[in-house]
Amino acid sequence: MSHTTSLTKKIEELKKLAEASGLDVSDEIALLESKVKAASKTEMAWRRVELARHPDRPYALDYITRIFDNFIELHGDRYFADDAAIVGGLAFLNGQPVTIIANQKGRTLKENMKRNHGMANPEGYRKALRLAKEAEKFHRPIITFVDTSGAYPGLGAEERGIGEAIARNLMEFSQLKTPIISIIIGEGGSGGALGISVGDKIYMLENAVYSVISPEGCASILLRDASRAKDAAAMLRITSQDLLEFKIINGIIQEPEGGAHTDPDATAMAIKKVLVRDLQDLCNRPPAVLVRYRNQKIRKIGHWNENEE
Amino acid sequence: MSTDTPCPSCGTVHDKASIEAALKTCPSCGYHYRMEVAERIAYLADQGSFVEFSANLRSLNPIDLEGYEEKLSEAEAKARMKEAVITGTCTIEGKPAVLAVMSFNFMGGSMGSVVGEKVSRALLKGAEERKPVIIYTTSGGARMQEGIFSLMQMAKTSSAVAELAKAEVPYFVVLCDPTTGGVTASFAMLADVIIAEPGALIGFAGPRVIEGTIRQKLPEGFQKAEFQLEKGFVDIIASRQEQRHLLSLLIDLHRPYGAAKKGA
Amino acid sequence: MSTDTPCPSCGTVHDKASIEAALKTCPSCGYHYRMEVAERIAYLADQGSFVEFSANLRSLNPIDLEGYEEKLSEAEAKARMKEAVITGTCTIEGKPAVLAVMSFNFMGGSMGSVVGEKVSRALLKGAEERKPVIIYTTSGGARMQEGIFSLMQMAKTSSAVAELAKAEVPYFVVLCDPTTGGVTASFAMLADVIIAEPGALIGFAGPRVIEGTIRQKLPEGFQKAEFQLEKGFVDIIASRQEQRHLLSLLIDLHRPYGAAKKGA
Amino acid sequence: MSHTTSLTKKIEELKKLAEASGLDVSDEIALLESKVKAASKTEMAWRRVELARHPDRPYALDYITRIFDNFIELHGDRYFADDAAIVGGLAFLNGQPVTIIANQKGRTLKENMKRNHGMANPEGYRKALRLAKEAEKFHRPIITFVDTSGAYPGLGAEERGIGEAIARNLMEFSQLKTPIISIIIGEGGSGGALGISVGDKIYMLENAVYSVISPEGCASILLRDASRAKDAAAMLRITSQDLLEFKIINGIIQEPEGGAHTDPDATAMAIKKVLVRDLQDLCNRPPAVLVRYRNQKIRKIGHWNENEE
């Protein structure tokens, strides 16, 4: 039982006792309840962060092999290197060709060396764009799996223009004349995640998170206390429920009780169901309509008021 | 910048008036101090030509973050601006343009819903009215106080750049010190011609974040305008004195021959 | 390749039959020997499906170079081909395709007017008949005996690739050992999917030219297929055994959803 | 006086003597004459190679500053670096905006370090393509100046795909929907030169050369004697006269007696005249027509016969 659940129970007991005693402590109780509710939100948000980063959590290739047939990985950006932190390629989804682009984390130390813990360099984004353009050329839908703590903040990444690479993808993906579906399967970390997730439909796995900054980063900057990552996670509103409420995503894909890693097959099938349903719909739309809707949706995001003075 | 502090580059002490007269640069070595938005507009736009639009946009608190409203009020008082970017139309050496100028004074030039919306509107206005768009950038990145909404402004502004590109209307950016984070990774890097001010810091990750990653000091000059020119991400480094005429020339150089023929 | 020489990679000695049976690879380590054009076509194309076109093109001597005609005759006798590329239509696992296969035996697979013309025709035929184009490359580069005409074949074949691309018909290249010079710097690098045979040397400048420039030995594995994969210029390294099915899958994966719908 | 000119004179004297003496040596004379003619061709070809490589020969920027107004250099490929071996930018030609792309050699040791003796790396070709696409976007004509012994055969060039970069330019330049005029002003060296010279009109300065391989390279491979570069130069047919005869180029721009370096101003004005005339014509053609003609011309190049057996 979590701390907040036991607290809630205790409060209920307190209420009953107070009622029985005829003492009016309703103000105090209300204050208590709201504090517990906030603590519970924090707990839930952090639990999702932990699940999103769980070492056993399925990574992109775990889903790709389960959802698609005949996945053929394609390599390289045609400029500088192949970046294993982003994988891409072709496969069939129930017989329909699709292009897949995905952040890929490593499970072993060795694999993480190769995949740079899923943090892409500019080459990764440029490979993604190359494959996306190839998909567009052949009117092939694109499915992206997002799972990265962010783009790599390294020397080489800056030297080779990681900012330019992400910016270019945002612009180009907004215009691709082919359907794009993005699934945030774990960590959706800032611009590094956005760089492969501008699309027609965005989904999140139930325990995935999607955020402009890591809870740790936010805590150390906004709360001036790096240890308050849990509070930051709740403040930032980064869970799938938050993003659905904000209408940033189109839906939440439920995970098995305990998280995706407890049943990767079931999670994969849940993703597949959504993909098959949506692709059928999206592939029937004329590309020009697709692009117009995609951009209308993007351009509406934000909250402001505009009162004449 | 105070009047009697020596120039951070060459050490010479100049009085405020001579630095102002040199467009906030050091008269001795040309070091570029940061410049306020109003000063930039006054320098760039033909006198009296600047007409602000979308002046009244103000951020809401989309993720209900405690203290954000207060922070906005403080920023407004400090920067004497309502948000981190001012947008308007003007003429530059007689040529119509849309001009957006960011301010680092307003919450570090961070991009939230209002910056994203105003920049997007500027780009779309350029497309609609067929006026070249010029954006002066300076930013610490996304405004994390608006959570995911700030991140999405990167996609939004980039989509607006695409709209401008489809209209075949030119887009010029002048990168000022510092331009980092989500602004670098969106509209700042997507211009037809990218100009940078001398010495400006330009990058995605901030220097301290990179140093934290690589666990060593960054090389001298890393991420500066001159470095970015060498690395292929900046077209021209132009001093403040040159910028107005350069932009004016670029506008002329981007008139298509078809249009020229039709026009002439 | 002789029957009783040890494998250049692992040293094992195999008899000719077992190497042939393994599609000219070493049964022990998978080392890929060079393969003749006829053998490749026999392996790739469904039996009896290959129909050659443009078979009778022969080079003239466009710059009147002394001895070029003799050289061509010698090459023809040696390679038992009329030029350094064979082009035809065929089916691969039942799927129609245009197939062009180069031969290193014919004057080092060099590209002169005939290679340029045949490759271009293959690409344009693919565009016209909406058949995927597959080209197996191996070449030392431009055929200098045809002077400037050989250089221009680079532009010509690249223009034909553009035509195929505009028709939205897929184009696959398999880079074989060695692919260098003008072929690398034209149609070989312009495919939608670029496959390479294991260990194939792939580059623009030849290793000796580079060593001459940098005045030192090249690092182990430089310009090999595995190096090019790492550097981002090759999509897939596929052994000879995998190639046919891989190409067949790629053909299916390049059917657009629009076409699929119309077809189905 | 060149060797062959004095030889020709001597033969004339010989002829007269023979005639006077009544001796029939016409066969011997004819043989002599053909040998002298060949030698003269070799001499002339080599003289052009020497002029094309002359250390005082005007380089691209020498012409650019003389021909155009307000040249603004633009830098960088947006991937890896700015390559000073290729310069590019915007300028006015008699008031009309144009994009300029040019090989640039250095005149001093220091400048040649920076410009790599005019031998471009992949970055140079990618910058050229970026600027060419920008020109196309704004319907701005492109003028290229070619002057390179070739693309750089270095380690980094291979690592970053110099072959890919040139190939991409050949394909993309063939499709650009804007006029392209190329002027070979000095050395037109192989794929490195071709990488920025696919266009609607190709001109050569009188003493420029354009070749698939350097005379030295050809000599060492074809003649198995590196010292026979002069013979190779003649064999390869690389002079402006050869290329005009082959219909590879549209015309020859005359140089002052003694070569372009004796009067850069006059040479620049001769180039300008051609550019102004041709641009007027090309800019009036619909882009689709331009592209069709350009590719028809490219695809016709080559000599073969196709007899049925």
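Every chain is named by a letter (A, B, C and D) in the order it is written, and numbering of its residues begins at 1.
As a working rule, a contact is a pair of C-beta atoms (placed from the backbone, for glycine too) under 8 Å apart; a residue touches a chain by one contact, two chains touch by 3 or more.
Every value quoted in this text rests on a predicted model; they were computed, and no experiment measured them.
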Where subunit B and subunit D overlap in contact partners, by chain label: A
From subunit B, the most remote chain by mean C-alpha position: C
CA centroid of subunit A to CA centroid of subunit B, Å: 30
Whole-Å gap between the CA centroids of subunit B and subunit C: 50
Whole-Å gap separating subunit A and subunit D, where each centre is the average of the chain's CA atoms: 54
Subunit B residues counted as touching two or more neighbouring chains: 165, 231-233
Touching two or more other chains - residues of subunit D: 78-80, 160-161, 164, 168
Those chain pairs that satisfy the touch definition: A-B, A-C, A-D, B-D, C-D
Residue numbers on subunit C that touch subunit D, as the complex places them: 54, 56-66, 112-114, 116-117, 120, 142, 144-156, 158-163, 165-166, 181-182, 184-190, 203-205, 209-210, 212-214, 218, 222-223, 231-233
Contact set on subunit D toward subunit C in their complex: 151-155, 157-164, 166-168, 170-172, 174-175, 190-191, 194-195, 198, 210-213, 218, 221-222, 235-238, 242-243, 246, 248, 295, 298-299, 301-309
Complex contact set, residues of subunit D against subunit A: 78-80, 122, 126, 160-161, 164, 168
Subunit D-touching residues of subunit B, taken from the complex the two chains share: 165, 168, 170, 192-193, 229-236, 246, 249-250, 252-261
Subunit D - residues contacting subunit B, complex: 70, 72-82, 90-92, 96-97, 123, 127, 134, 137-141, 283
